[in-house]
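Read through the structures below before going on.
In the two complexes below, subunit A is the common chain; its partner is subunit B in one and subunit C in the other.
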Partner chain A sequence: MSTTSSESLKSNGAFLGRRIARADGVAKVTGRADYALEHDLADIVHAVIVESIVPSGRIGKIDLAAAQTIPGVLRILTHADALPLKSCPMVPAGSVMESFLPLQDDRIRYNGQPIALVVADSFDHAIEAAGGVRVDYQAEPAVADIDDPTARPIDVPGAPSSGMGRGDAKGALAAAAVRMEATYTTPREYSCPMEPLGTIAAWGTDGDLTVWMPSQWAEGARRAFSEWFAIPMEKVRVISPFVGGGFGVKVTAHADALLAAMAAREMRRPVKLALSRPQNFTGNGLRPAIRQNLTLGASEDGKLQVIIHENTSETSVDDDYVEGGAATARVMYAVPNLSSSQKLVRVNSFTPSWKRAPGEAIGAYALESAMDELAYKLKLDPIELRLRNYASQDPESAKPWSTRRLREAYDAGARAFGWERRSPEPRSMRDGHELIGWGMAGGAFPNVHTPGEARVTIAADGSVDVASSGADIGGGTYTILAQTAADALGVPFEQVRVRLGDTSLPRAPVAGVSQIANLLTGAVDKTARAAREELLTLASSHAGSPFKAKRANDFTIKDGKIAPTDGSAEAVMISEFMRMVGRDRIEVTRNTMPADKASSESEQRDAYDSFKYMGPSSATHATYAWCAQFVEVRVDEDYGTVRVRRMVGAFDCGRLYNPKLAESQWKGGMIMGMGEALLEAIHIDRRYARITNNNLAEYVVPVNADVPDIEVISVGEPDFHASALGGKTVGEIGVVGAAAAIANAVFHATGKRVRDLPITMEKLM
Partner chain B sequence: MAKSAIADAGIRLCINGSEHLLQIEPRVTLLDALREYAHLFGTKKGCDQGQCGACTVHVDGRRVLACLTLASQVEGLAITTIEGLAVNGSLHAVQEAFIRHDAFQCGYCTSGQIMSAVACINEGRTGSDTSIREYMSGNLCRCGAYPHIVAAVRDAAQAMDLGEGRGR
Partner chain C sequence: MNNFEYVRATAIPDALRAVADQAGSRFLAGGTTMVDLMKCGVEVPSALIDITRLPGLDTIEAGPASVRIGALSRMSDVADHPTIRKEFPVLSESLWRGASAQLRNMATIGGNLMQRTRCSYFREPGVYSACNKRNPGSGCAALEGVNRGHAVLGTSPSCIATNPGDFAVALVAFDAAVYVENGKPRRIPIDDFFTLPGDTPDVEHPLSPGELIVAVEIPTSPALRRSHYLKVRDRESYEFAVASAAVGLELEADGRTIRDVRVALGGIATRPWRARTVEAALVGRTFDEPTVRAASRLATEGAVDHGEDRFKIDLAPRVVARALLTVGGTS
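On to the complex of A and B.
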């Protein structure tokens, strides 16, 4: 039974906080939602990427003769004749966006790198011709992965090699009565959204570029095209109303988008470029392999004295992508001494990118596994150990928490799960030949904020249009923005139409770091309230108004009708009122920039198309979402197969704008965490640094039969330090802690601690 | 532009009760025929390798993977896609149940899930949640809507049993 404390709050309006079905539900169940590759353009041609089959070296000769004989082939682009491009420096150090530009030189950096682009009149002709492109390589030695004997850890360029921390970690460790040290390893993982990457690009005769692509950040993609092709931002339009899953890989534009636009320019025709599923593995969407060495020091009564967290993660040849696992350890517990450090290993791979809860997902796996190990060492219940180290303020910044209902999450989760019936000894619970394991773990996810813009239009018929370029990647942006506008304006939910994912609309930053719901509800609420004020100013002052009241706040709007609060006149429908005052629309645009920057165009641009304005949501308080997750696994004693029998997650995500949709995201996150714990890993053929399981049958993700009933519980309360309307982050916290809870349950079942994900059967034999 | 010599052979497909004469080569899959030639984009391409289920459609009432079916194999057979499930704007019981249970997030696997679910119900595989999970496991959902998909299929199966839906 799910409980949602926000439903009982007085702050709820008629729609926000309610379990309303998705506004885009009908479009999605009828197949009418138009994803990127689903647009018919006259004269369109198809492009297919040819990839390198060696991981390092130079391109020698490319023989196109055979490919060019295929009927329908129009053009084959290679580095020899491709359009020179400018780099796009919008995101530093390769964070989420690779600096690599395809077809610019003869150097090969990774196996799978685009080295030619075939354009043909049909998809089948392009595919056939791509298979006929013959390439001579001058192969050079490559570093295949983090375990390659030639791999060398290096300091993160530009970062202090000593890492970050507080107190005296070394001294505290020497003095600690109890010590626990372990190394946790996680493999390369993939976001694997169900919609592969792909792009349609079309250039107008006036040099305008229009791009249909799945994007978590249309403004960011627009900036990338503008930089790559050295054209003004105003000349680029990116359209992405529906995104078939992102999970990080669609945060920025990648090579497919660039190559589609390049080919369209060359061909002077619209180009459709659909990456194959294997190309989605060999080109984009990677969480790098990571080693985390964790050392905990504690007193005999279980008070943590020190955490030392050393991370080493893969990055590419070109960029310094950091998958930092240490963020969770820095805030989770009241530990006075802490040091965290980061090293990188350059491998012949494309640049990694975010995968849902980058850093936190794998960081919480290691930390919460180590806490479980320490609990056994101290013979303490894992929840009791956590409570003994409960942080009453942010141990990193010493700021107060805005809200931290983690204790309530432990309590509610444990109660729902029946934790008190757990027998603490490993291998002490069984059902026939199945070993039963119960494990738990906690998690944190920071609340980040970036300003955004919104436009709200009240039409003559009383309907309301809400517009933003921000994305709905499945979280429910369409729905909660309609709820927000309906509440702010006093109109029915069904009367509000929301348009998203188009750079011709008001600008928004990235739908990532779980920020889009909070920042856009804030922007829409502010804008809709301004529109309401304009409407009521007409009610109180316009000659055509039927009302006698003279102040805007003498009115209420409810169910789409305006009425004087004192009941001195009949309520009037907004549509009727618009006619009376002779208005065909009221249109208001607002942004949520800091007041002193709100009117600066250059500052606004930085806010929406870079990460400059992304930061903590409060200057005075530490704002995080929190969770506690509980898992039961059954392990076949003979075969080592692990099945998850049930999961319970208790979440403090502040106020929930729509519990129905928030619960879906939590459960989805927990299921992705299950994949990380038990199933997902990239395998690499060391000889060629090539991904061998580059498909959805061999890169194993959870299927329906893997997933048990999942119970989620909200213990949050509104947090107005976290966001304008009181919500905290929802989208990623479900992943955080799930893998550790499963790993801890597997240990409880079997007595075997597997510190290398995924926990597959051979590791338990 | 060079025109393929074999591209001239037309294929007649009966999609959602309407006949489509498509100028396609024999190697074109049903999935590409639907999307690229009949311009019916409701059927999704998730892998093109028969691994994800996003392209599930019905051929003579049976669920098939459109990416592993050549268009020429199904000439003359009744093809039903997600666009053909609602009748006169009235949603199928499974479509309604998917909305009610929030059985999707991004929506990209949804067409295939729904086509599979309708077939799964008609196959009589919805007797238990375990059975639903098993017979819906050919359809991947990366957003992790599985528990809600199970609830929606269970609910729709009951509604169709009661004659509220319009399952075959």
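On to the complex of A and C.
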């Protein structure tokens, strides 16, 4: 069951704001949506990666003799003969993209690192030969994980060791009447997109490279190929119309994409490289294991005086990936004194990276768990504690919120959940062998913005084509851009076709940080309005126009028909009008760059293929999406197994372009939060610094049977500081707070505070 | 995956001959275990003898004295068999709580008995050289590794790999027999079918090469009619057991005194584990929760943990008790 109040918002158009089923849905469920590896090319050959089975050291001798006897083997590349590559410093070092380049030297950084590439006439031959490559290793000691006895926390290179903050955290803590300190630990996690990583690469005779790969950011991948192979951007085309789940895994191009392109260049033939599921666990960055130490100081009446957040997280040997977690603490409550500090632990792993709501998901878990602990300490209802510390402006910047309907979210969520019937004592609610627990938590997700570009074409038949290289990673970009264009132009939704995920189309930044919906609706709206303007200029001035009105704004376009607003003439279908004025198309391309930068090609490149232009969506206001989540768990008193029986999430995400799709995003996020709270953990054998559960049988995520009824509620209102069309971020906020709400519910059920995720049965037995 | 031959057998003697004729050949039924193990490099057969077209091996006969299930019966067909569902619940429950719907539609009963351990160290032969099950004498990487999923009963210094079966636990609880063909039929009591690892964890059953399972037979009993399979796992579905119990109960005419009780455990032992000490402690006693709880504690007597799997020594008796309380109607 879902309820959405946003459907009645005044700002909604004919299509935006409506619960329209996803435009790509039928193609996907009938198998007609072609994913990258389903692409067919003549003359294609297959590549399989050979991975290191030690975590650290040097590659000694590689014996290829046995592998080369396998029929169909065409080539085996190793560091000895692989093409030298250039590094791609496209994003701040290690922030989302590993700096590691495969087959460039004999050094081994992590267990699972690519150390050879077999190319054969079939996948089966390639995989058989890969199993026959013999490698001598000169193994060296490795640091397996954050808890390894040899692990050493270090300061983040380039960052102040004292961290960041406001006020006088130390003094405030000393003066605080009530203190709460706890350490929360979260394991390494993998986001398990259903579509594994893999790439098809083909070089043309003129040195141009075409790549089919699943990508959250085709322009970013394009830049990576351009830098790695030292070829102009214009020579690279990345095609990624459908993405079978991104979650951060497909933000940038990884070794599979690079090796496919490298092999294709060597072979002068198209190469297909499909990672196995186990290889996916070491083929991209996982969320690192993280230790968060939180100290809260409050007055007797529950006014927070200070938050101290100390984070230690894993990173790799080569890069400084920071998954902080303090961002939520900085904005959630009106607390005058705050300090946050960050340490890193270098481990022998793939460079960690984004997993849906990086920072916020784990930050909210720790903060909102600590708030629950404080509420119990103060004998206050957890919502009451939060209301007593409600921030009426951004406590970090002192800027006003653009919109913050968090109070409404607490209220709507609590009402839908029936929170007032909760008996606050732990272990006070039960049903047979099951202990019942009710928990809640809140969350925040920042609203960032990057410019985008779009092309809108009105064809002679009146149909509309919308084009962008931006991605639909499952959130519904295809659908909402069609809604946007239909509204802006006044044509039926069905008349709009959207093309995405191809660098031959107008450019877009990353589908990450939940920004793509807001920025592309803004770009498409602007472009479609320009196309409408051009159409109506013809209506008012072209000799073939049947209309007498002389100003563009004297016209209305509705249901695909142009008419003078004053009713002085019959409405004319756009197709008919195009014939009358002798046009076969109207094509408009626009971008949403700042006006002073819009004409600079290099600035535009920076906007679309780097993070340079990614920033807060408002200079004057603090813009965030907000949520309050409520959970009922049942804990079996014998087994300690936790089952989530109900979830209610109330969200302030501004205006919803399509409530049906937004609700899916929220629910999916909440389910992902359930996985983080109860099931998901990478297991590492410390002797080998190797992931032992590198498959979907042993890396356990929720299945349908685990997922209860989830009720989601929108409490948002249009926020035009957040985006051109009034929406705030939707894609990741559902994860934020879910794990804390579950952990808090588990405490309420059992009286046991588990501060180490996931909460598996042995921790409660 | 390496090259292999594929042979489709149409009659049992042909199938037996095909396997006997070629070293390194394997039977292929539903393929859900065999193909999986080939993909991870544990099985490298020279030939697969497809037995799915053999006639007469997929019948299910649920009679008054016994239930006889042909080896090619699909897990889903047995789980959904109306008589089995109604009369012998543990057999149906232990099947539909295993795997996923898609796998149950493919996997056969014979293959189900032959499924192999999920031990991570067993399943990555290209990475872990030490595995006595794959490579006798090479050692056991799991002993000091990630071993939450490993066995605490029936282990040896050579191997602590858990038998992953669910249905087999029910078979062990109810004295089933496995029928095999090797030219002449042979009946193997289920207790003899699953062997302990000892010094030879590579040997998991007494079948000789070329022997083919043709059926399993479960004698009916009042306890089988009042039976239950309880599976405890981290998530609700599609996961191997952390601990499970197949139980059955028969009370005397007084409705209180235990005449017959069956208890077997899954998820915590190197083979489906019959808990006869629990049974012995309960027969003749009055059925009530304290008695059941106390007797169930015997289920893990003598268990040996390896660190991460220690909690299962406490967990398994609770699973046994709850399963018994469920069939006893007190829970």
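Going forward, the second predicted complex is superposed on the first by the 763 of 765 C-alpha atoms of A that agree within 3 Å, B and C clash if a C-alpha of one lies under 4 Å from a C-alpha of the other, contacts with A are read in each partner's own complex, and residues count from 1 in each chain.
Keep this in mind: a contact is a pair of C-beta atoms (placed from the backbone, for glycine too) under 8 Å apart; a residue touches a chain by one contact, two chains touch by 3 or more.
Remember, predicted model here, so these are calculated numbers, not experimental data.
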Next item on the list: With the two complexes superposed on chain A, say which partner A:Gly72 touches: subunit B (first), subunit C (second), both, or neither.
Entry: first
Note to self: In the overlaid three-chain picture, which partner chain does A:Asn693 touch, first (subunit B) or second (subunit C), both, or neither?
What the structure shows: second
Margin query: Looking at A:Asp124, would you say it contacts subunit B, subunit C, both, or neither? Reply first, second, both or neither.
Written below: both
Notebook entry, point to check: If you stack the two complexes on chain A, which partner ends up touching A:Glu140: first (subunit B), second (subunit C), both, or neither?
Noted result: neither
Checklist line | Touched partner set for A:Leu679, first subunit B, second subunit C, both or neither | finding: second
Margin query: Residues of subunit A touched by subunit B versus by subunit C: which partner has the larger set?
Written below: B
Note to self: With both complexes superposed on chain A, which partner does A:Glu762 reach: first (subunit B), second (subunit C), both or neither?
What the structure shows: second
Next item on the list: Look at A:Ala705 in the shared chain and tell me whether it touches subunit B only, subunit C only, both, or neither; answer first, second, both or neither.
Entry: both
Next item on the list: Based on the superposed arrangement, let me know which partner A:Ser664 touches: subunit B (first), subunit C (second), both, or neither?
Entry: first
Next item on the list: Could you list which residues of subunit A make contact with subunit B in one structure and with subunit C in the other?
Entry: 124, 697, 701-705
Note to self: So in the complex, the part of subunit A that touches subunit C is made up of which residues?
What the structure shows: 53, 124, 127-128, 131, 278, 432-433, 638-641, 643, 678-679, 683-685, 687-688, 690, 692-693, 697-698, 700-706, 760-762, 765
Notebook entry, point to check: Given the complex with subunit A, which residues does subunit C contribute to the contact?
Noted result: 1-3, 41, 118, 120-121, 124, 126-128, 141, 144-146, 148-149, 232-240, 242, 311, 314-315, 318-319, 321-322, 331
Check: What residues on subunit A touch subunit B, complex-wise?
Finding: 21-22, 24-35, 37-38, 40, 71-74, 121-125, 191-196, 242-247, 274, 276-277, 473-476, 660-661, 663-665, 667-672, 695-697, 701-705, 707, 709-710
Margin query: Could you list, by residue number, the parts of subunit B that touch subunit A in their complex?
Written below: 1-5, 7, 25, 27-28, 32, 35-36, 39-49, 51-52, 54, 81-83, 85-86, 91, 95, 98-100, 102, 104-111, 114, 132-134, 136-137, 139-150
